[in-house]
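Structures for review follow.
Next come two complexes built around chain A: one with chain B, the other with chain C.
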Partner chain A sequence: MGAEQAWLLAAIPAGVFFVLALFGRYLPRGGDYLGVAAIGASFVLFFFVAADFLSFYDFEAHKTFITESISWSEIGNFKLRQGIHVDAITIVMFAVITTVSLMVNIFSVGYMKGEPRYYWFFAVLQLFVASMLLLVMADNLLLVYISWELVGVCSFLLIGFYWEKRSATEAAKKAFITTRIGDVGLLIGIILLWKETGTFDIQQIIHAAEAGEIGQTYLFVSIMFVFLGCMGKSAQFPFHVWLPDAMEGPTPVSALIHAATMVVAGVYLTARLLPIFEAADGALLVVTIVGLTTALLASLIAFAQTDIKRVLAYSTVGKLGLMFVALGAGSPAAGLFLLMTHAFVKALLFLGSGSVILGTHHNQEMDKLGGLWKKMPITGTTFFVATLALAGLPPLAMFWSEDELFASVNHEWGLWALVLAMLAVFATAIFMVRLFIRTFAGEPRDRQVHEHARETPLVMTGPLVFLCVLAVVSGLFVFNGVGSALGFPGGIGEFVFLEEPERYAIDWTLAGISLAVAVAGVLIGAYVYWGNSLVRSTRLAEAMPRLYAALRNKFYIDEMYQYVIDRGVLGVSYVVSWFDRYVVNDTGVDGSAQVTGYSGSILKYLQTGRVPNYAMAITLGVVGLTVAGLLVRA
Partner chain B sequence: MRDYALFVPEYIAAGWAVLVIAIELFWPKVRKDTLAYVTAAGALAWAVSALFYIGNEPESFQGLIQSDNFTTYFRLLAAGIVAAVSIMSANYLRDRTKTAGEYFGLLLVAGCATVYMAAATELITAYISLELLSFCLYILVGYLKRDNLSSEAALKYILLGAFSSAMLLYGMSLLYGIAGSTSYEGISQGLAARDQGGTDAGIVVAFMLILAGVGFKVSAAPFHMWAPDAYQGAPLPITALLSTLSKAAGFALILRLFSLAFVVDAVEWRWAFATLAAVTMTAGNLLALQQKNLKRLVAYSSIGQVGYMLVTIAAIGYGDATVGVNATSGLLVHIVGYVVSTLALFTALTAYYNKTGDDTIVGLRGLAETQPFLAVVITASFFSFAGLPFFAGFTTKLLMFQGATTDELLWVIGLAVLNSFISLYYYLMIVRQMYLFDPIPGMVRFRINPVMWVMSAGLMLGVLLIGIYPGPAFKAAENAAKPLFQQAEPGVAARQP
Partner chain C sequence: MTFDEGQGYAVLATLAAPLLAALILVFIPGTQKMAVRYVAAFFGAVMLGLSIYVFVAYQVDGEQIQMSLKWVWVENTAFLGKDGIVLNLAVDGISAPMALLTGVVAFAGTITSWKINYRNKDFFILYFILLAGVYGTFFSFDLFFWFFFYELAVMPLYLLIGVWGSTRKEYGAMKLTLMLVGGSVLIWIGIFAVFNEANLGTFDMQRLFAAGNDGTLSPTFQKVFFPMFVVGCGVLAALWPFHTWSPDGHMSAPTAVSMVHAGVLMKLGAFGIIRLGIQMLPVGAEFWMPGLMVLGVTGAVYGATAALTQRDFKLISGYSSVSHMGYVLMGLATMNQIGITGAVLQMFSHGVMTALVFLMIGALYDQAHTRDMKDFGGIAKVMPMWVVFYAIAGLANVGLPGLSGFTAEFHIFVGTFQTYPVFGALAIFAAALAATYMLRMFSMVFFGPFNPRWKDLKDLTPLEAMAGALLIASIVVMGVWWAPFTDRIGTTVAALPGVVG
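Our next item is the complex of A and B:
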């Protein structure tokens, strides 16, 4: 089993999807064990793939990727190959996707117990994971697009899993339509790139772009269209509106979407095509600005939200923004490292909140929670670690990845970008502490809820503990020592890179500042919300009523969209629909249909059912053709 | 050397036909569906033995029949069709007749006849193979002799079949007079050696008569009028046979005859094929709009499909050998796509008919509720006919037209696209019946025979597979098409006006 067979990783869950979708309802326990087994198999196979790849990998000898493809169709000049491309980026993505999905799968066995359509949940989960795995190993943009859309469909199905609830169907629609807008951009971008290079193969397109075979403006425009797709999928401003609503799905799905399978697709694709972004002047600046805007905006909005999952959702949007900032600084190492550490931490947070929700019998409003740490010690402790990790405290995972980020931003764009990125981190630290205190610490705000809260079973706390360990240690991948021990000497900086491998070297000034920012954030958060008393925070909110209202209402972005759709889109659509009804439909469609139907009704009288008439038709046919033939030739 | 080993697969098929008849003769109480499965097993054995012939060097038996990849392609196709049709017939015949041995025997013989039509390289052999197929079909169409429609259909088919056979023979005789040979190669040389100046009226008449004969076989307008009546009267599985095997056989004969023997004088016939293509596709689709009976509708829709296919024959006439290979492989792969979709449709229709005995379009009302699986299969095959993406019909039609595009034929291809729009209307009307209307009062959910279920599921998967992953099928078609043009090339170049 080598890296050439990496396609098995996606094939196994995909196969199980079909089994579960067709026969799941007849299987005992809805076949959930099959789902766990399939993802578990992918998880195990990942180690074989990674081991094979690492033993093959040699930067000096230009052995940086393994590829395997088959001819899909070869018709005339049109040749299409489908295949997989395994390189360092793929390996990192594999690690994230298989680990997080396995944990989510196991967790779901406990969380979804007794839900209706239990088997269907597990079936779609398999397809979701399979399409994401396919996406990260696809060697051509066509396959990328197909799996990209599959991911979108699965998220639609899972967000709308409780389709009896109106809010769930609305959220599913919103997620689907918002990301679709970006996807149209992606498709246009892919077609533009294909038109110029004549291939869908990612590596060939990258070569063409680097060799300057594509005009600057053309390249910029087409890669920006591709980036639109990435923005939609990764919930970047102004497409970020779908992600907070997407928590309407079951909580394990939120964990999956936020950590491993949905939103990171955009980050992945940008990282994969980063050489093209770099070849197009100004593209990286756009990426950076989009990332920074999103990060700041989301961190601010998160302050005023009271739903646990909604706060977490905005923190995801913010961190995704930072990933794009890292990529915009030209550092896939920082981007993917941040993606990986964030995935573990965020999966932990979401599963932890799922544990809270189940432990308190479906309560996710912070206004009713509080003081849960004693009641749910494992969930509380792991959540505590994750909160500090997300806030960026050393030696937890995200400190190291954010340090990489700051270093590359500082190097590429200088002070202004660095300050903005740190502001986002600072804000995250504050609202994460707020979230933790209001949920787990202090006095319970609702006795009733508190009384009935209890710790969740092992099948749910087990994944929490596992992810908690990763949230602590996964930051260490950045160090040479850890990397050497695992087979990629030099740490992640020498494993994932754009042009030259770069070893991580700690910059004490930056690290110190980043530490100070994180600690300050944590302390301020602790000061304002200590003891889960809202005295200080309420005073703050009253001091700035306008700002508070704006934050509470998410800067009115949803309302603005609604206004634009109501006035603009519906207005235009009224005119179009008039044209469609009277000109296209009545004249064009109905008119031509009537002509066609009429000719058919005339012709049918030729079919008399009498043999002599038929024979006459044959004879006339021959005579007519012969006469015509003689005339044509004469 | 007389190499009798060239046609071992057909010995198996013909021997099996005798066996099937003998089984019933000596054991009259045999269950009729058992006979059907025995026949299917025979067809399968035939197909397996044909696999050994893939990629063999072209070899000729006495210059009469040729065994090459083209022949083998039709071997596999015919064996597949016969297997599918006999399984389809199992319950249908069990419920309707007391004797079925001849029916299944003739199915196998008809399959052999198809192979010989594809293999023939000489006019008389080709004619006899064609008649062999026709006689099998005459009997099969009229097999339900107590059914008035069935008998009427058979009678009409025989009378008109004889009429057009006469035309074909007349054309062949004229041609023999002009070219002085009945072998395809001899005809090609004879035509090339002819005096170059002016048009010989005899040759035009000969070509048009032959065109009428083979046009009747594939039901090209205006030689198509027998088709709706025969399709409607024939037993349902035989309707499937008529629209798959008979058409495939016709095109097999046309392809070898026109690409080998007549290509030198392409200028005399290519415009006729283009015209026939245009007339056929338009007439078929317009008339299909007016139908109320399912079998008649399928008859007209298949006439429309033949119109699309005829474009490739015209393309062989207009283009050089490269265009010829491309157009032929396009046509061959489209025939497979069309055959698989048609068989899927008829398997589902037969399963439905076995339960309800209703063959009108409105009878399908609410099928999505009473038997959702059949509704899905029928919808998939109609989508394939209409040429919607991801279904076989889209991909294979695309490949076919891509291969057949020459400057002179753009107008026909444009017309084909327009016709596809029209066809979508009547296909969707049936889909609408199945999905948007409530079932006829009294209809309840019913189950279908598991064998039919498996077969329709398999064929539907085939439709999707060809639609999404056409690579291997196209490769096979390309290999089958090559022998036709390798021989033509070194001989004589087409005469251009």
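Our next item is the complex of A and C:
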């Protein structure tokens, strides 16, 4: 099988979706094995695709790609084609999506056991993964938009999986509508780019943009519209509000959304279209600023959250921000590398927290946890590794990707951006340590919860261990040696790049600072929360009550939006409805009917039915008309 | 009578099937309710089969107008020439998908009406007469018959709503009929004016189209009479601000009538704008289209905004119809090939998805006897299939890719951006509003804590499920593989006067 058949990766899970959705309820075990098998098949096929791709990848010329498309419809000159495009970016995304999805699928077999609508969960999971795989191999923006929306609707279904709960339904709605507002921008952007180039084909549009065939302002405006969609999907400020709420879905879904599907879609699309951002003056700066703002904001908010999944959610928002910072620095390698390492680490963290939730019989408030390491050794250990990895300690994966990030930020924007990015990393280290200590270390805060806690079965710990290994080693893809051994010499920096391939070389000063920042964060976190004691942190919170309240309430951004929706949008709707009812209908339509009826009720008195009256009227009429005629003639 | 390679019979048969059904029903005693149902279902199936045949048999690479059949009706009288009034039936690339739409919705509506018990014979007679009118309008290339069938389609509505309806049915029926008849008056005047001005002694629309193109119908004349046709037909297409019959009419109408009405009848209005407006008065069209664009955008945004805070299912659908028909008018007003093709796609798409929505609303209302969304909650527990079907219709409404709504809206947006980028952006924004009102309804009705008051609700009956499945199949086919539609529509649209590529 060659890379031309990469569409099979999406087609297999998509097919299984239909099987499970229609017949899943009649299958033993809800057909979960079909789901695992489908994504397992995609996972295996990925290696064939990657091997085939690397076998003819031209490491001298670079930028090799495969593209296959067929005609879809034709209206005069408006010809639509659908097809796939496989290049280095696609391969990296395939690796992330298939690996994480497979782990999540296996984990779900244990986690979702006994849930109602078990088959439906697996069905939608397949469609979710299939849409995401389709998204990363689409060769044109129309197909990107199609799969983009499918990803959105699947996330809606999965976040709202426990639809009996009002909060889950609301979270699903919020996720869909928030991202949909961004998608308005995306669709406008896509059509604007089409208008100027006459095509939806990504490579042709990039080519036109690079060749300067599109006016600067026009290009900037249209790519910013596209970026709105990316911001919505990737939960960037001010669209970030949906992601923390999205944890209402089953925990494996959170792992999938945060790591491999959904939120990375925006990062992917920005990376894919990065040459256009580059060609439009100022676009990269906007990307950087949005990323930095989001990263700092989210890292701050995460400090004051007590729900494990909510803390993790804000850490995702922050790391996504950093991915955009990397892209804003013009380095798709750093962005995708960060995406990949983060995906493994964050999937591990979410699945780990799922393991905690199941192991403690549905408890996810840190205030009731603590001291779980001994009770749940595998979960505890893997979670520990993931915490340190997310904090950015070497030699774990995210140290290397963040090092890449710092290097490119320093190179592109200089000190100010570097400092801000490091600040976000620093904050992450602190609150991740807080999360770990309060969940796994120290004295249990709730004896009863602790008593009944137990390690989860192999079907759940297995994926944890596998992802833990990746969280340790996936950072090494940056090195030439590792890359050569795997078939892409030069490491990821020479595999994915914007203009020139860059071989990774450690900048010892930068690496030293980055290490110092991470260590400092970990130590401060450990100092403040040591032994799961709240004494120091409470003192801190009391010292700055207003700041603490603001963080705790997520800077009141959700409340602000709610106010605008209630008073603004719904208010307008009430006005329009009122206008429609009373002005257009009751006055315009019914009013004219009433006028007709009323004039009829008056005029009917002329119809007396008495001949003399009519004779009189005729006579008067004749006389009147004669007089009038004479007058006119005179 | 002249036929075109025999296929003219297919068109005649499609038109004759509902008339024959009505005729046969007249002779079945009203007490034989089951017999009435079987006859109706049989003819519904026949109509569906014939409609599919007409759609498939339309040759994409052939002539624009195919399967024609001419049957001279009145000739050589005082004011009419050699071929004065002719039953002139044919199909072009626009009426082919419209015929398919009619067949699909008619069949779904027929089997949905299975459960009607009160005077079901009379119901079906009127229902089939209405459908004959619809087919006739889509197939007629004679102005006289066009109007004849147009009125035949509109008139039965009054009785269908007034007798079998609910919720202020007399008001709804009266308002709807009066407004539509008001529109018809404008069309009727316009038709006589055109006949007079062209002075060809014929109602043959193809000759009148030619007259509109070659200047026989003077530019001034066209500019004066174009608005009459647009407003006259536009009433039926829920043209803002002549749309208020739509929410109230739908609220009152029985399920199958809502389905056929929103599904097919509203399309007659848009179809009329194409036939009488764009094709017959191209100069007028070119002059007035920016105005229609403004009204279309207004309808699209206005309908979506008003739908945001409604509490009655049918009002949501009524306003969302205003919004979606606004898209149709926008597509027509672009006067380019992509936009008008998109408009016709949207006519089909809106037809099938709205029929599905009304089918679902009916399935719930017949049991619950309320349509106030606030009364519901967690209905997915008792009616899972109903929820899935409704959700698919709702998502098509929202413009989710893979379903018909996206295909249509995408073409309209692209077409609109070619000439009016700002209006295009507004229309895309209205689609986001659609997501908001739809999901609001989903979360209020389908999801959330289950309200035990509804524990006895039954899921869809097999017949309803069958009707729904047929509509969903149409939605999905158009959403995924739209080439069969765009091939037919696109070439015909390209040949419309004044349309740019």
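Everything below uses one rule, namely that the second predicted complex is superposed on the first by the 572 of 634 C-alpha atoms of A that agree within 3 Å, B and C clash if a C-alpha of one lies under 4 Å from a C-alpha of the other, contacts with A are read in each partner's own complex, and residues count from 1 in each chain.
Keep this in mind: contacts are C-beta pairs under 8 Å (C-beta built on N, C-alpha and C of every residue); 3 or more make two chains touch, one makes a residue touch a chain.
Source: prediction; values computed, not measured.
Visitor: With both complexes overlaid on chain A, does A:187 touch chain B (first), chain C (second), both or neither?
Guide: The answer is second: A:187 touches chain C but not chain B.
Visitor: Name the chain, either chain B or chain C, that contacts more residues of chain A.
Guide: The partner that reaches more residues of chain A in the superposed model: C.
Visitor: Does the superposition put A:573 against chain B (first), chain C (second), both, or neither?
Guide: second
Visitor: Touching A:58, do we find chain B (first), chain C (second), both, or neither?
Guide: neither
Visitor: Taking the superposition on A as described, I'd like to know which of chain B and chain C A:632 touches: first, second, both or neither.
Guide: Only chain B is touched by A:632; chain C is not.
Visitor: Touch test for A:542: chain B only (first), chain C only (second), both, or neither?
Guide: After superposing on A, A:542 lies clear of both chain B and chain C.
Visitor: Contacts for A:72 in the overlay, against chain B (first) and chain C (second): which applies, first, second, both or neither?
Guide: The answer is both, since A:72 touches chain B and chain C.
Visitor: Which of the two partners, first being chain B and second being chain C, lies in contact with A:593: first, second, both, or neither?
Guide: Both partners.
Visitor: Looking at chain A, which of its residues have contacts with both chain B and chain C?
Guide: On chain A, the overlap between the chain B and chain C contacts is residues 72-76, 593.
Visitor: Can you tell me which positions in chain A touch chain C when the two form their complex?
Guide: Going by the criterion above, the answer is residues 72-78, 142, 145-147, 149-150, 153, 156, 160, 163-166, 168-170, 172-173, 176-177, 180-181, 183-184, 187-188, 191-192, 194-195, 569-570, 572-574, 576-577, 580, 584-585, 588-590, 593.
Visitor: Going by the contact rule at the top, pick out the chain C residues touching chain A in the complex.
Guide: Going by the criterion above, the answer is residues 175, 178-179, 241, 244-245, 247-248, 302, 305-310, 337-338, 341, 378, 380-381, 395, 400-402, 406, 410-411, 413-414, 417-418, 421, 424-425, 428-429, 431-432, 435-436, 439-440, 442-443, 446-450, 482-483, 486-487, 489-490, 493-494, 501.
Visitor: Can you name the residues of chain A that touch chain B in the complex?
Guide: 71-76, 593, 596-597, 599-601, 603-604, 606-607, 609, 611, 613-615, 617-618, 620-622, 625-626, 628-630, 632-634
Visitor: Spell out the part of chain B that touches chain A in their complex, as residue ranges.
Guide: Interface residues on the chain B side: 156, 159-160, 163-164, 167, 199, 201, 204-205, 207-209, 211-212, 215-216, 222-223, 225-226, 228-229, 268-269, 271-272, 275, 283, 286-290, 326, 399, 402-403, 422, 425, 469-471, 474-475.
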